[in-house]
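Each of the two complexes below includes subunit A, the first together with subunit B, the second together with subunit C.
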Partner chain A sequence: MMVNVTSSGTQRPLRRNSQTDEIPTMSAEEQIKDTVTTNDVVLFMKGTKAMPQCGFSNHVVGVLTTIGVEFQDVDVLADPEIRQGIKNYSDWPTIPQLYVKGEFVGGCDIISEMTMSGELDALLDKSGVSYSKEAAKKIRDANG
Partner chain B sequence: MSTNMMQTEIEGILRDAFAPTRLEVINDSAKHSGHSGHDGSGESHFTVVIESAAFAGMSRLQRHRKVIAALGDIPGQRVHALAIKALAPGEST
Partner chain C sequence: MPMLANDIEALIRETFPDAKITINDLAGDGNHFSAEVVEESFRNLNRVQQQRAVYASLKGKMDGAHGELHALQLTTKAPD
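Moving on, here comes the complex of A and B:
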């Protein structure tokens, strides 16, 4: 796995080798593909889950954290090639971008709507990703 | 200086592309004053609510892709943030 998150949540740039700090030979696209296929849930975001740098990224982190979904965060601000590469990969122009089991799910609006409609629960169920159904219901009750 | 050129441009493009039965383009920029995406133009953050028969039978992702494609280089480049709510007639917000 290319993404390296320390216990403090600080993330190294996706494409740098954590030992040598060298940029590996994989292209940005290959790195993205590797990351989304080796992690069940990946959020490409501005900043880290510990310190989001944009309100929309922060919102999605909040949803995932609240419902107890384990996810890998990738800070696109740490690598311009990943920042552009992820937009090409999904053919989607904005960040954040959520991937579940390698599939692009959507950005902030879509995640919010899917949370409220219950579609996010259904997707996580289908994908075998663990989360708290009670917490998801609480979000709906609080915002419905 | 405050203008609403971007708002007008977005509205025009969406009217032409989707013949919407409901269209609201809301400028949220003032709510985001002072954070990184706020470029001082006063037209950095928008919410689009659009209802069109064109969206019937499409998934959320497909609808968003259609709206984004119609808007060309506006989302993510000329506008920092564009929230989209795309509905088919009869669906509730």
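Moving on, here comes the complex of A and C:
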């Protein structure tokens, strides 16, 4: 298992081993699979959760942070192979991409709709991911 | 070259001739659009499947740095 991304915003390129700084032998696809299966919630985004580099990525970070979901961020701008690889992996052309328990959930628009409809709550409940129901309701009340 | 709202609609229309399609140029720069596609065949698909189908109809226009379309805010559903 590769644990070479941090959630602090000081992220290294995903495919670089933080101990040796060498590019591991895993392919981009293997790295992606490993990341989404060893973390409950993963957001592939432009920039880091501390410093998003795109409005769409920023929006999803905002939703997840507001409702208190712990997630692993992966900056696709740090590695072109991951940037292309994640699009192939999900057959989805845009970033950000949210994964819960290894399953692709959607991008910015889908996450926004699911937040408003309560489907995101249902998915997190079903997946055993902790979050604040109250905060999710507040988002709905403020935007409804 | 920036895309026009009409071009986007025409591409989607090729794949979904009977859909109700609404395109808006969000920033007026030919680069940030919203599209709503209301299509009967979406009824039994989840959102990811619906939107994958719409992206596929755009035939690579969304692809990477060379894509002509940077941002498409997509809403898909089946008719009420």
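FYI, the second predicted complex is superposed on the first by the 137 of 144 C-alpha atoms of A that agree within 3 Å, B and C clash if a C-alpha of one lies under 4 Å from a C-alpha of the other, contacts with A are read in each partner's own complex, and residues count from 1 in each chain.
Note that a residue touches a chain if its C-beta (ideal position, glycine included) is under 8 Å from a C-beta of that chain, and two chains touch if they have at least 3 such contacts.
As the structure is a prediction and not an experimental result, all values here were calculated from the model.
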Q.
Taking subunit A as the common reference, can subunit B and subunit C both be placed on it without clashing, or not? Answer clash or fit.
A. clash
Q. With the two structures laid over each other on chain A, which partner does A:106 touch: subunit B (first), subunit C (second), both, or neither?
A. both
Q: May I ask you to decide whether A:84 touches subunit B, subunit C, both, or neither, giving the answer as first, second, both or neither?
A: second
(Q) Tell me the contact category for A:53 with respect to subunit B and subunit C: first, second, both or neither. (A) first
(Q) Counting contacts the way the document defines them, which residues of subunit A are shared by the two interfaces, the one with subunit B and the one with subunit C? (A) 56, 87, 91-94, 104-110, 113-114
Q) What part of subunit A is in contact with subunit B in the complex they form? A) 53-56, 87, 91-94, 104-110, 113-114
Q | Of all residues in subunit B, those that touch subunit A in their complex | A | 32, 35-37, 60-61, 64-65, 68, 75-77, 81-85
Q) Of all residues in subunit A, which touch subunit C in the complex? A) 56, 84, 87, 91-94, 104-110, 113-114
Q | Touching residues (chain side subunit C, partner subunit A) in the complex | A | 47-48, 51-52, 55, 62-64, 67, 71-75
